[in-house]
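These are the structures in question, set out in turn.
There are two complexes below, and they share chain A, which is joined by chain B in the first and by chain C in the second.
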Partner chain A sequence: MSPRELLGRVGRYTLLSLVLAFFALPLLWLATAPFDRTPEIAASWPEFTLDNVRELLDNENALRSLRNSVLLAGGTCALVVTLSALAAYALSRVRLPGRDGLLYALLLLSSIVTGTAAMVPLFNLAYELDLIDSRLGVILVLTGGLLPSAIFILKDFTDATPVSYEESARVFGASPLQIVRHLVVPLIRPGLATIGVWSVAQVWGNFLIPFLLLRSPEKSPAAVVMYTFYTEGGQPDLALISTFSLLYSLPVVLMFLFVSSRYGFRFHGGIKR
Partner chain B sequence: MAAIALTGLTKDYPGGVRALDGLELDVADGEFFALLGPSGCGKTTILRTIAGLEEATAGTVVIGGDDVTRLPPGRRDVAMVFQDYALFPHMTVTDNVAYPLRIRKVPTAERRGRAAETAGQLGLTKQLDRRPGQLSGGQQQRVALARAMACHPRVFLFDEPLSNLDARMRLEARTFLKRLQRELAVTTVFVTHDQAEALALADRIAVLSDGRVRQVGTPTEVFRRPANTFVASFIGSTPMNLLPGTVTAGARVLVGDAALPAPVGEIAPGTPVVYGIRPEYLRLTPTAGEDTVTGEITVVENLGSTQLLTLEGPAGTVQVVVPEDSEAAPGAPLHVVPRADRALLYRPDGDGELLTNCPTPGGAAPGA
Partner chain C sequence: MPADAAGLGRARAAAFVAPALLLIAGFLVFPALWTIYLGMTDYRLTGLAAAEPAFTGLDNVRRALDEDQFTHSLGLTLQFVVGSAVLGQALLGFAIAWLLRERHGALRRLVEALVLLAWILPGSVVAFLWIALLDREDGTLNALLGTPGTAWLVEHPMAAIIVFNIWRGTAFSMMLYAAALSSVPPSQLETARLAGASSWQQLRDVVLPRIRGHVLTNLLLISLWTFNDFTPFLLTNGGPGDETEIMPVFVYKTALFNGELGYGAALSVLMLLVNLVIALVYVRLLRAREAAS
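And now, the complex of A and B:
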């Protein structure tokens, strides 16, 4: 190896290390602060304690909010996966004039639906429909916002499923529902898993919609409740926040690992035969 | 077991494309029947209409005496093997073969047993637990066949069953398919664009173009006596030479400067005709004569045991199949004599029909 190559290599790894450190340091804080007797805003060597965890477990708001998060994420995920699978399958099989245009328009508009721009009309709509302070309202709004992207991703999977599979099953007498159950769903399973995890993660981290649409603290999800962790003095309760952050991020990471090992993530269709 | 009758079958696609136009076709019970034609001739549409995957615009489909024209595909009691086999990639061989039985709500244990038995008949016993992706092309084809057999249909429909196999496998699979069809004796319709495949496999062939049947007959009939110039040029590994000519006295046809013997029959001298002769039925001769086609060799193609020569001469472009040991070289002059009893005469206009008073080749030919 020439000195020049060596130098290049050293430079490359130095750069990589810096980038890595930039992203890793906040995570380091997440690993140390929850177990520190006096957590600060910077990562430091902790004076080990489990008191923070105990305090968190005593805080009934915290645990209830995690349960709310699970309810919201689960409900949205179920709706998004079911509806987007049916829509994507239909869109890739039925000839519809202006189908692609429709899909792109939906995709464009979806960023508005869950974005800040549409907050006032969304709030009004939820108010008129009597969906304020209802978990269903939050689930429906989030579902609406996630569906277009989900359909867009899944349609790539359904497009890649040969029509001859379905025709073959039809000749054997399979009903449309049987075809979906026996063939389409198993064939696009990686896509469904991806959509499922993605929608859970989206809902889990969403603050704005539940913050606006839910009134009572008993229904608020973790992302909103975390916002309320202050000490009596009005300072952010770093001990509680850091411990809760750790607890809050664990389920998503675990789900991600589980689904990834079981189904594998893919954002494109294509059948491995 | 069932015969198939297609009557007045018409299929219009949205956008005004007429794929089939008043098609009449009868397939006898237990027959191995080929639909042969160039791509876009409507052969696959016919197959799909029999299966019920396409709905006929007009006309009827009758299978075994039952009018199934308006029945959904699953209730026609047919099985179809697709060009890409359409094996379900997420199921094992057993589950694939058992799938039709699963739809019919046969209990799991029974359908697995029956699937294993059928797959065993086709030599797939060792592959039962594999996925389609782990099988060779030939094995995949046999799985598709086993799946079609498993539900004991009245009719098999094969869409280009051999086209996804490589050349050597194709010959093997062809023989296998023919034997299998003989043993099962189930009415089978298959689609192909390969005339050699149709000739080798089928009991009868329907040659199609532009949604119309151009000829129906046994492989021998279609090969020896093509009903029109389309069939004549489509059937045969090398297309038939079709040379414009005029009937002259003495039961001969004047092609270029050659007066060739032909089954002229009642055709009046002076009538323009198309003189058809297969390249295989032209014989080399050392000397030029009145009944020889003469030309200069322009192309020599080696076909293994034979050579295909292309001649340019007064008669136009003529192709000749000669034995491998003939020392043909481009540029050399060549004389060939047609076998008079294999010559056919076609109408030069219209659909180029075979002139009806031609006797059957192979019998006593008056022109010889």
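And now, the complex of A and C:
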């Protein structure tokens, strides 16, 4: 090995160690504090205990917020998957007037009208429709925001499926809805799974929309309740915060592991899938 | 282009598309258009103007352009986008992808897992992790650096949220550049290496020309996301004072905290315009690439 190669190798490992340290440092606390008898703000080797977990499982407030998160994520996921599948299939198979323009307009819209830029009218809209402090309101707003990208991604999947099965099913007298349910859905299942996981992940971490539209703490999801845990006066309860953070993060981490083991978490052609 | 094999027909196809379009129209298109109208009124959350908002035309936009608070916020947002997305996430993401290329060991999986973890954890969780890390009294960072009593979020708030956002969002750039780098044929790099090109020369002359499209896509997407990111609010609440009041936080405080819905809507319109410019550049590039292939 030449000195130059050696130098290159040393440099490479030094840089990688720095990267590792930078990304690991903030995460240390999440790994240690939940299992520490006396959790502090600094990450330290824990005096191992499971008391914090037991305490959290008795905390009705925390558990309720997780149930709310499940409700919001589940409702949004069901709506997004169903509606985007129907729309993507129809747009893929039938040349509706103005379809291509519509698809580009959707792509544009979904990227420019985000929750932050539209928060004033979204708040007003929910107010006028009597959807303030309603979970349905949050679900509808989130669904509207996610649908364009979902249709866009799913249309790629439906475009790629062969039409011969559909033709023969039609010869045997199947109705279009039956064809979609029994033929198309199984064929594009990977696409549907992608959309499902993606929308759950988006809703699970979303803070702004529920923070904006929900008033009563009984309806707030984990994202908002977590925030109130450390901003509402007094000494923050570190045992509660750390354990709750871990429990609240677990589903997205598991979902991610599932997706990456099943489909491989890589980019195809440079587009987020 | 597959034909209408299921015999859907136009009417039924329209019926399939209608529910999705209705929701998009109601909760995406309509709010966007309504923002424009509200931005031209003096609508407020409470008081006289709440009952009967008056039409004030472009007064709100004029007020925004005159007010220091707006230019201050826009300047901070620019620092935030350039510092954390364009320079931070893109360069660090590329560097990690470059260092890990042609590697398949445990080290690669460990680095990728940690970078991705920062990206997928919920925003309110990572915000607290950073509040704990940067804590004045017992924060891990102060303990490591031997700088007890340094209140990072008060003394260097902008730097803090920029570094935070680099940590939070580098995963996307890393994955995109890893995919892009794997599309560069190894034979070309090999040829360059045999001709005596250094790593830097290989990078500049062989790799960069091939991944230019990916770089543009990456920069546009992360700029758009960072421009609209609300997560710094969880970390600093816009403060101390207005030192980290980036546009999303400024709009939130104006419209919902102070109740000036009309003025807040006008600020949103200005934000939408910036988004529109970024997105138009993106769509144009996408079309150019599709036309080329």
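One rule holds in what follows: the second predicted complex is superposed on the first by the 211 of 273 C-alpha atoms of A that agree within 3 Å, B and C clash if a C-alpha of one lies under 4 Å from a C-alpha of the other, contacts with A are read in each partner's own complex, and residues count from 1 in each chain.
Simple rule for what comes next: a residue touches a chain if its C-beta (ideal position, glycine included) is under 8 Å from a C-beta of that chain, and two chains touch if they have at least 3 such contacts.
As the structure is a prediction and not an experimental result, all values here were calculated from the model.
> Determine, under the contact definition given at the top, whether A:254 touches first (chain B), second (chain C), both, or neither.
Touch partners of A:254: none, neither chain B nor chain C.
> Please work out whether A:187 is in contact with chain B alone, chain C alone, both, or neither, and reply first, second, both or neither.
First partner only, chain B.
> Residues of chain A touched: more by chain B or chain C?
Tallying touched residues of chain A, the top partner is C.
> Looking at A:12 after the superposition, I want to know if it touches chain B, chain C, both of them or none. Which is it: first, second, both, neither?
Touch partner of A:12: chain C, not chain B.
> Once chain A of both complexes is superposed, is A:167 in touch with chain B (first), chain C (second), both, or neither?
It touches chain B and chain C both.
> After lining up the shared chain so the two structures overlap, which partner does A:25 touch, if you call chain B first and chain C second: first, second, both or neither?
A:25 sits against chain C, while chain B stays out of touch.
> Of the two partner chains, chain B (first) and chain C (second), which one does A:57 touch, if any: first, second, both, or neither?
neither
> Which partner does A:212 reach: the first (chain B), the second (chain C), both, or neither?
In the superposition, A:212 touches chain C alone.
> Show me the chain A residues, by the header's touch rule, that chain B contacts in one structure and chain C contacts in the other.
Common interface on chain A, chain B vs chain C: 162, 164, 167, 169-170, 272.
> Spell out the residues on chain A that touch chain B in their complex, using ranges where they run on.
So the residues of chain A in touch with chain B come to 162, 164-165, 167-175, 178, 182-183, 186-187, 271-273.
> For the complex, give me every residue of chain A touching chain C.
The contact residues of chain A facing chain C are 8, 12, 15-16, 19-20, 22-30, 40-43, 79, 83-84, 86-87, 89-94, 96, 104, 106-125, 140-141, 143-145, 147-148, 151, 159, 161-164, 166-167, 169-170, 176, 179-180, 184, 201, 204-205, 207-208, 212, 222-224, 226-227, 230-231, 241, 245, 248-249, 252-253, 256, 265-268, 270, 272.
> For chain C, which residues are in contact with chain A within the complex?
Listed in rising order, the residues are 1-10, 12-14, 16-17, 19-21, 23-24, 26-32, 34-35, 38, 92, 95-96, 99-100, 107, 110-111, 114-118, 120-133, 135, 137-141, 143-144, 167, 172, 175-176, 178-180, 199, 213-214, 217-218, 221, 224, 228-231, 234, 237, 247-248, 251-252, 255-256, 261, 264-265, 268, 271-272, 275-276, 278-280, 282-283.
> Along chain B, where are the residues that touch chain A in the complex?
51-53, 72-76, 78-80, 82-84, 86, 88-90, 99-100, 102-104, 132-133, 151
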